[in-house]
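After this come two complexes, each holding chain A, first together with chain B and then together with chain C.
This part shows the complex of A and B:
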């Protein structure tokens, strides 16, 4: 396991576009969250989807976000959260 | 349909794996928007599996479609 982040780290999801199969939902790009757990190392679905089955593994994280920071005008409880599983190459360090 | 996809993606199977679940997903995402919106869950699996297998040259799409038409015609004769 060669995970760059650990539980409790503050991260931001990259905002870049991606052409082709990708598991990072658009609604979460650019949002700030906190690493909830390291799920393990897995091969990259962005490569697996095109027949490259033996590529390097990537750390996968479960990242927790406040719903009110994800959705404009979120009407639910301000403490509500959403967990999204994200691969390491989609995460950037967020200060604070 | 579940069994077919399970069999195609099983790495332990004799003969090896023919597809990853990520390829199946890519095939579903690549459909025309109308198909994506109108087809059911397993119809999407079927459509994508055929596309991925044809892409790999494991099946001939025209042959699959011809056989599907034959079976549909047979079904029509037996139930009309």
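This part shows the complex of A and C:
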């Protein structure tokens, strides 16, 4: 499976609820970030958790976010960042 | 904590024992295999990470390979990382890195062994992402003005290790002399050397 995004692409994390096991932290949903690197293809933890070992693989990315855009009233430096690993089906293209 | 197995009074321990004994009774695994996995886990200590960091300090080409592909670079040193991928991030005068797993307690066991209890605490996991500078200050790390903090939340299949800055006054040190200077906490990002 090829990766839809490249390093440097602007993305937004999907805002949706997910019933059951998921590796997308709630605090990062809906936030805008930049792809830092492609990590490779991995099986989907949302399926693995329920015993589906042979499901399709999905591209995993490290996405970098500015802390001041993630937390209201962030107390640190305006350049501080947080990197989060996110699977492709949680990412949407962000213009600009 | 004393490691007595005479009383199993916690639900998770009870479940672990029941599950393990069921697997052994059905011939899926053996007790010897369980014992050897536990031995492997305890053999892994931060000294492994110290070897990696010391090599990165003395060998710029290795450092570059480590930053580009952590898993492949540590295999050069004979350290097997398993199916997970290792990502090394380096501290510089411009940026300080901090590792956390907000969702559970993912940790680079292949390089650092078992995680400290505080790494698994709700307080660390929630505060390290939201107020990393306050958490660092509580660990005694006071960052210079203008230094960026980069937090890494290991949410999925990557595992992270920080390459701390080489301590001042160690210019003449050999790789072997540098290795024991590298602490566990410095490789998580809550200590500067």
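Keep this in mind: the second predicted complex is superposed on the first by the 95 of 96 C-alpha atoms of A that agree within 3 Å, B and C clash if a C-alpha of one lies under 4 Å from a C-alpha of the other, contacts with A are read in each partner's own complex, and residues count from 1 in each chain.
By definition in this document, a contact is a pair of C-beta atoms (placed from the backbone, for glycine too) under 8 Å apart; a residue touches a chain by one contact, two chains touch by 3 or more.
All values reported here derive from a predicted model rather than from experimental measurement.
When both complexes are overlaid on chain A, the residue A:86 reaches chain C alone and has no touch with chain B. By the touch criterion defined above, A:45 lies against chain B and chain C together after alignment on the C-alpha atoms of chain A. After overlaying the two complexes on the shared chain, residue contacts for A:53 are found with chain B alone; chain C is out of touch.
Once chain A of one complex is fitted onto chain A of the other, the partner contacts of A:71 are limited to chain C, with no touch recorded for chain B. Touch counts on chain A: comparing chain C and chain B, the chain ahead is C.
When the two structures are aligned on the shared chain, A:24 is found in touch with chain C, with no touch to chain B.
Across the two superposed structures, the residue set of chain A contacted by chain B and also by chain C is 45. Against chain B, in their complex, chain A makes its touches with residues 20-21, 45, 48-51, 53.
Within the complex, the chain A residues that touch chain C are 23-25, 27, 39-40, 42, 45, 60, 62, 67, 71, 74-77, 79-87. Put simply, chain C touches chain A in their complex at residues 85, 87, 102-103, 129-134, 146-158.
In the complex of the two chains, the chain B residues touching chain A come out as 17, 20, 22-23, 25-26, 29, 56.
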